[in-house]
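Structures for review follow.
Both of the next two complexes hold subunit A, though its partner changes from subunit B to subunit C.
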Partner chain A sequence: MAEARTNSVREAMDTLQEISRLLNTGLDSETLSICVRLIEQGVNPEALASVIKELRRETAALKAAERIGSPSPD
Partner chain B sequence: MSKVDMKTPAGLLHSLVCRITEKKEDDVSPQFQYALRVLGSHFTPSVESDEFQLAERIKRKLVKQRREGDAARFAELHRKLQSNNVVKNRWAILYLLYNLSHGPDRPGIKITAGEALFGQGLPTDATSTPFHHVPGMPGPLRTPMPSGGDTTGSSGISSIHTADRSDPTPTPQSFPASYGPTPGITPAQAVAQRQALGNRLALSLSSRQPHLGNGDMSVATVPSGRGTASLSLRPGADNTSFELSEAALLRDVLFVFQGINGKIIKMSSTADRFLIDPKVGVPQSWRDLLGKLSELGWLHNKIRKFVDSKISDRALGLVGQSFCAALQHELTEYYRLVAVLDAQVQQDQDLGVSVGSGGGLTLRRLVVWSYEPLQRLKTLACLVDSCKGKKGGALASVVHSYMQTGDPSLRSLVKHTLNVVSQPIWEIMEQWIYEGDLEDNYQEYFVASDPTVKEERLWHDKYSLRKSMIPAFITREQADKILLIGKTINFIRQVCQDRSPLKTKAVVKTGEAEEEGDLFTRDVDGSLQQVIDTAYRETSRILLDILHTKYKFMDHLKAMRRYLLLGQGDFIRHLMDLLEPDLNKPASTLYLHNLTGILETAIRATNAQFDDPDILKRIDVRLLEVSPGDCGWDVFSLDYHVDGPISTVFTPETKIQYLRVFNFLWRAKRMEYTLTEIWKDQMTINKLLLKTVPELATLLHRCHTLLSEMVHFINQMQYYITFEVLECSWDELWKKVKESPDLDHVIASHQVFLEDIIKHCLLDDESRELLTQLRTIFDLIIKFQSAENTMYKKAEEEMNLRLRFLRRIQENTEKGKWGVTELDEEEERTRMEEFRDKFLSKTTSQLRVISQSYQDMVQNFLLMLNEHSDPSLRFLSFRLDFNGHYHQREPKLNRSLSVSYARTRQRSGKEF
Partner chain C sequence: MKKLDAVKPVPKKDEAELRNLREENARLRKRVHTLEETIASLQITSVTMQKDMCDIRQSQDVLKVKVSNVREEIRKERKKRLTVPDGSTGREGKCIRRKMAAWRKEFEKDAKALIRCTTGFQEEDEHFSTCLEFVTSNFRFHRFLDVDSHKVDRIIDGLCDKYTVHSKADTADTLRGLILRLLELPITQEKLCSKSDTHYSVLSLLLCLSETPTSVDFQQQVSARTQEEKDSFDWTSYLLEGIDIDTGPFPDTPPWSDDDEDENDNTSSDNDSLSTSNNQQVASLRKDLVQYAEQGWLPKADWLKNNVMTQYWSERPQTMELTNTHHTANLTNIWEMHQYSSDPFYKCADRTPLTETQAMRESLWTLGGCRQSFLYRCREHKLLLMNNIKVSHITPDALQSILQKLAWYGNITLSLHHMIDSVLTRSFSCHDNSTSEPVSRTQQAFTSALLRCLQDFNKKLASLERRLVSQEELVTLSTMIGTLQEQFGELEMLYTVYHLGVASPSTDKTNDVLTASRLLSVLYQNILQFNTLGDAAHTKLPLLLPLWIQTLRPYLEIIDGWVNKGNLIDPAREFIIQRNGNVDVFHEDFWESAFLVSNSSVHQAADTPGSSLSQISMKETHQEENLHDKNTGKEERDHQEEEFIPVFLKSVFKEIILAGKSMELLKALGKMGGRVEFPVPLYEEFVESLKVFLDVSDAPDQTCTGPSPPDHVGTAQVPSTMLHRVLDTAVKDSLLEKNFLKAIVTDSSEPEQDGTRSAVLLEGSQPVQLALQRCLYPHILQRCSTVSRLLVELLKTEYQLEDYLQAMHKFFLMEAGDAMHNFYTPLFAKLSAGEEWQDVSVLNSQLHSAIQQHHSQHADRLSVTVEASQVEETQPIDQLQCLTLCYRVPWPVDIVITSACQNVYNQVFQFLLQLKWAKYCLDELKFADLSCPDVQTDRSVESEDVPARQKQHRMHLLRLRLLHFINALHSYFMTRILYTTALEFQRELSEASDLNRVIEAHTAFLTKLYQRCMLHKKAGLLKMAVRRMLNMAVSFQTLWDHGLHNISLESLETMEDEFQKCNDFLGSFFINMSRRGSFPHMESLALSLRMGSA
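Entry: the complex of A and B
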């Protein structure tokens, strides 16, 4: 019984992963599973999406700054 | 990771933040704080959770990116997910993924921001993500950011800049994919960004593709920079002849589709078609395409004009109005298509999708897409042409004739139109066959009513078929039946004064409850027939019931037979007895009231008294028009008054026919009566006469033979009339009336009955000569009667004289005188001689003349009978001459009789 449940959970995760890939979300399986768990616990997906994007943008901005910053000393 | 508790949402969120920012757990506290705040302040999604719609949206997006295979794959995965049931919040997850999704060619996070801004700058179409339309969107600009991106806008622009540079070959195809989710931006900022973006883009594009030149860039009709972008991507080979972009032409064509003049395509009133401005440089191939496309506009105008001119025309009638409504409906559909196309053009333009490069609208694509509407409009225009000036059923017929097409889509179009068009007809029909009401204000229905017709003629004259208005899908028989149904109902209501509600509708409905919905959608199939049949049977049954029970139709029919066709023998005989003295007088001395009195007496004295008083009341005497010299017999006739519904069967015309038959029968009856009187006289007087006047013997014998001949003739005639004509026809009529399904059948069989009788009673045109011959024979009989009467009177006188003479002799002898003196004897002898010479010879010759002419007449009559086409009359002739008496006297008769006999034998074969 438990095994069957685990199987179906894995199956669901695989499916979601595939959809995520199709939609080019850029989420790896770990992040995706965290997101799924969050959502299953009732987090607003809209808010979550905006948080993820905001974080990404910030990271990207940071990295860009690093990149711009790093070659200039060269 | 290990430090964070993965069980709580906060822990999960923390690890998520770590993973995304790719930092250590301890370094992300500001971001984590921010995330927590955002999530904490928005518990419920601002969009409705509709999983199906979301899935559809994702699929559309994939298709738009030309990833049909992926779309299918997604659908499959989605199904799988649905069946799996482990994930409860499928919509939320899909929504998250959808919001995070990117175009196919841009994996990686680093250009996301730029992409997102690109998308933000473009007004998205109605089906794209609702993100931009949600005012209360959580976003970094609304919530104070603890760190980092306080100038997202500018950072976005800068990032796009970098992104553009870092990726020098952005393909235009990626534009539609780029309207993905972005954090909310206030409108003012968005506009500013867009302008900046447009400039930047134009610059970058022109710098990358310098060969396009300024000519293209400066086209005035292209409204925005986006248009330039699309323009710049046209195949370069045709460049020189393009003065106008395809997008501009498309816009023009869309105007033309609605029948409005475009900028360069205009309606030419002389050529009666849309023409492209010859001065504008448009390549020939496009001109052809535009010509094809503008046909739609022309057709649209044609239909539009028709609808506009007719929709307010009241004289057009309901059917015409529904036709216009159907056209209007089709036009609305067509407008919808134009609107969709317009939106598509707008979207393409706004998105900057290059024309001809895939997703957008092109002239060629438009030609393909407009093929079906073109066919539809063509058919409608044909309908408009052929329906002009038509109305009502005729219009429906015309529409129906267009059903004869092999194209199923066109047929369904015509069928739909036909359904709408025929709706008023069906409605009128329903009203008519169930209620008998004719609500046809525009003379569209195929049943016409003449309001001037009075009730007595309602059945015959009031309603008629308007042949031109019978729709082609209703057969003539059905139309006749429909007419009959409504007529029957009206007849019941108005003439029979029966207001009880008819149950026809209920009967029809229960009979075919399941087909009720079908009633107005089908054309010519069984169900219409069935409805008509059921309604017809039901109404006719009700009417016949009323006629039979309330109005005693059968009793009246029988009364006709008994009194007008002399079926009630004792009554007729008695009436004749009573009437004889009156009728022998000249016609001008007759008084109707005397005769009516006699008629009363005759009824009282005979079995007729047991008849229904209502019927007896209707019997009356009628005197025909008196012409000089007529005696009472010629003008007397019986009459039968009819009124109400019965008079529909016994119309004045049929009454005249009855009168003619009555006259004939009355005359024949009179002959029989007369001959009987003569026979009675002969029987009583002859013996007495012969005793005293023996010289009368020859004469009397001759009289007797002649009388016998006449009696035989009249008897056979009577037999023929009674048994071969009246009874046979009557029996047939009776059977037919009993089986009649409707009043029309009753009337028809009654008519047939009358015509049969008239024909066989020699009253029709064909037998006129025969009838004259018969009349002469009858006249001869009358003449014979009077001759005989005179003779008897004379003979009786003579007899009495002789008897007195003998008595005187006896008296004288008893007195002891001489019986007769010389003088007396002389006187007696001269008187007797005178009687013998003068009277006897005169009467004998007179009788001989009568007898001779009678013989001739009968021979002629037989000859005529033989030549008559009616076989039953030939049998009569055979019966009249059963012993060949007339054969011997007339060789011609002999021959023709034998011929006819042979013919008969041949015809009836072995029966003889």
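Entry: the complex of A and C
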């Protein structure tokens, strides 16, 4: 019974992964599972989406600044 | 009626029209009537509608109030649920608190994981905490509404329409299908409901994060993954093993339909999903190759196929070949299945299957210095293990841990290779580009020695790799690590040395002196450390000792060049001593300031024997402060110098400096040719001595044996010289001696004695300090003593050092009494007469004529000057303060007799001159000048003669007492102080074996003179008392010359009192000092003064 439940949940996660890929969200499986857990804990999905976007944006800006500041040794 | 008659009958035509008009009129009336009715009804309706509107408005207001009330209640309810009262001790409160704490913990953990996945920051990064705060605050406080399922449905519908518009209807269908399937499945394990808020929330999240979905070329993969799960067990091949199955007329046809195969071929990632198709492809390919081989196209295709390794480093998907179906050989898959079954969120990482041999070879290449490989990548000079492989029989975590260990050692070799490369590059660029700074030779030597060590290590790796390649024996990762354990220990040791000696930060990173010194010190200390471990470090010491010796070579060569030839050749400025270019060899400060210890903050002389003289020559008011500052400054300098000096050179450091300076001086004097020769370089002598001392034979294997020696080692082969050396140098212990003697004498092969012999045979068994004392220090000390002695002899013989010192004593300390008497007598006469005496030319001619008779050779060197007095002349005795003698000392003697020394001599000279003047003043007094008038000639003034006689008598007495005091003082200084001190100095000078000792003896002599002549500030009271007495003598002479009648009793009494006080004070002081025993030479003076005061 538990196994069937686990399989169903896994299937749901796979489906979710497919949808995510189709919609080009850029989320990998690990991040997606974390987002699902956060939503289960009551986090607002739109707030979560805005946070992820903001984090991505800031990370890209930091990496661009680092790349400009120090060229890669390779 | 007329009107009616007038009216003509209406024609028939008009009647029809009239009838029509009437009918139309009736119709119109009816219409108006209906319209009026309609209007009336409409009016009624509008009235009712208005009423309804009013009712609706009222009900809306009521509803609004109700809604606000309900919201208020909901808010209160929520607050009640979230906040538990402080005083609540109920079970519900505790449960809620526990749940909240668990929820917070879980939430924080997930938030951190989200940050890690999205940004890549780790918890230690500086931005991580900022991100966490941002995430937490945004999750708690936001303005977004709760998810509305209808809104989500509308968005999905809109998206599907968009797909359709973009000619992607199949994608739209796929999307709808996937969403429907998702909504039917449970998304959490706790609730098995479908179409829950969670479903829509997740969908809402994905929709918010989607970016231009129409531009993505989507290919569905879910079906292939399900197939992969079934195929990973590979039960088919296992079950079909040995069984022939008729695969039909088309055995090569793949089992799936063309559409599915096309979809599989088009997938860009997930190699495992095509494993089954690839297997069949490989089988078909093999058959084709066999066919071609039979046809002769590829004669050795089979050999190629069996012997050429698959390129696992390329992007092509690989399959894991299972050679063994035992569960231990398939541990990775079993572990994955277990993970898969236990954790619904588990995702199998994309890893390339490798064999253990391949992983070992990759590791060996990395250990050999390869920067980039499939398994290890170099990022910012650090090797990172790429967690991208899997081995069939090792779980990923176990593989990771073992490879991480190898990566760590790979990092060590990478660092060492990087250091070697950088030094080589800088060395070559230095040769090409003359403007760039040269590389430290010590570092170059260390690098070359290290390179040799790494080459030995690489040879070992190469032999191991040959074993792996041959595959004749079983080699696993753990056995490989076991085989290389010893080499790893050596690598760690080399890395420690490199890290402490080269890479560790120093106070001044550009200071090669500290780098070189620290490197040598670190090597030496490591040797000492391993030396004490004895057999436990029997492999490390043979590696470390040659490394240290080779690294030491440039240092020794610099010392050798400096001590042997007087040239301090140090292009990289790495030697502890640096030449001060501002001071040339002909400068009088050469000995003190020409060589500096290289510490960045302080530039002080390497050896400062003359520093104390500079203190003496300073004014008394600043003397003590400067002395204190000098002492503390010297201590700080010594501490800083200690840090820069290599540890093993500290005991001979001063000798090296002395020899170097002496050699440079000899070179400048041009006296090096044929006198100082050390044909064998210091380094070679050191190595030869070391070899002899350690008794290293030509067979190196003998020295590297383990604790248990082979059976053929007998007493005949025991080097008894080594044991005798141990006996000679070790602590004299009877038991030790007895035991070692037994080891030499007996022929027995007892294991303890054999162990002892083998311990002696091992290299490095002797203490390293002892080796240095026997092999390095004697050579350095021999050079130093030879050079120093030669220099002192030259100075004494060819440059008349002693003669010049004698001349200084003669003139400044008035040992040439006759000549100086001839000089100062006319001077004193002028002073007493009150005449002008400060004419320099007159003084000089006076001086030269005084020394002409017996000391004419010094005439051109000796002169006298009169300086403007800086101290206010408060007393007559101070008039002579401005007179200074000047003796022009030639180079190189002026290294010993410096200008500071001459200052001290002058101070003593001035004091002696004052003393002599005081004596002269008293000696020249004539009784006749003070005679009282004849009493008999004039009896009327008889009463006035009584006090005059008394005065006269008292004057005579005072004169005698003063004369006695001055004579005693004069005799004390001239005989007891000057003479005996000079004798002591002569003795020390004759015993001095180097110039340092000469300078120290001279400095000590002058210091003693300075102190004993009461010129030091500590003797201020004494000096003041003596000055007063001297001044009293001069004043007494003036008084005497004025005549008896001009002398008042009061002034006489004052003078007598003053004399008595000073005399008593000085007498008691000298007596106390002589009684203490610390100044025995004061005893005679004390007795003289006592006699004088009696």
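One rule holds in what follows: the second predicted complex is superposed on the first by the 71 of 74 C-alpha atoms of A that agree within 3 Å, B and C clash if a C-alpha of one lies under 4 Å from a C-alpha of the other, contacts with A are read in each partner's own complex, and residues count from 1 in each chain.
Definition applied: a residue touches a chain if its C-beta (ideal position, glycine included) is under 8 Å from a C-beta of that chain, and two chains touch if they have at least 3 such contacts.
If you're wondering where the values come from, they're calculated on a predicted model, not measured in any experiment.
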item: Which of subunit B and subunit C A:Ala61 touches, first, second, both or neither; value: first
item: First (subunit B), second (subunit C), both or neither touched by A:Ser8; value: both
item: Partner chain(s) touched by A:Leu48 [first = subunit B, second = subunit C, both, neither]; value: both
item: Partner chain in contact with A:Leu38 - subunit B first, subunit C second, else both or neither; value: both
item: Partner chain in contact with A:Leu22 - subunit B first, subunit C second, else both or neither; value: both
item: Common interface residues of subunit A - those touching subunit B in one complex and subunit C in the other; value: 5, 8-9, 11-12, 15-16, 18-20, 22-28, 30-31, 34-41, 43-56, 58-59, 62
item: Sites on subunit C touched by subunit A in the complex; value: 103, 106-107, 110-111, 113-115, 117-121, 127, 131, 134-135, 138-139, 142, 144, 146-147, 171, 174-175, 178-179, 181-182, 185-189, 192, 198, 201-213, 215-216, 218, 220-222, 225, 341, 344-345, 347, 380-381
item: Residues on subunit B engaged by subunit A in the complex (per definition of touch); value: 9, 12-13, 15-17, 19-22, 31, 34-35, 38-39, 41-47, 58, 62, 70, 73-74, 77-78, 80-81, 84-89, 92-104, 106-110, 112-113, 116, 137-140, 148-149, 152, 155, 159, 162, 181-183
item: Complex contacts: residues of subunit A adjacent to subunit B; value: 5, 8-9, 11-12, 15-16, 18-20, 22-28, 30-31, 34-64
item: Touching residues on subunit A, where the partner in the complex is subunit C; value: 3, 5-6, 8-16, 18-31, 33-41, 43-56, 58-59, 62, 73
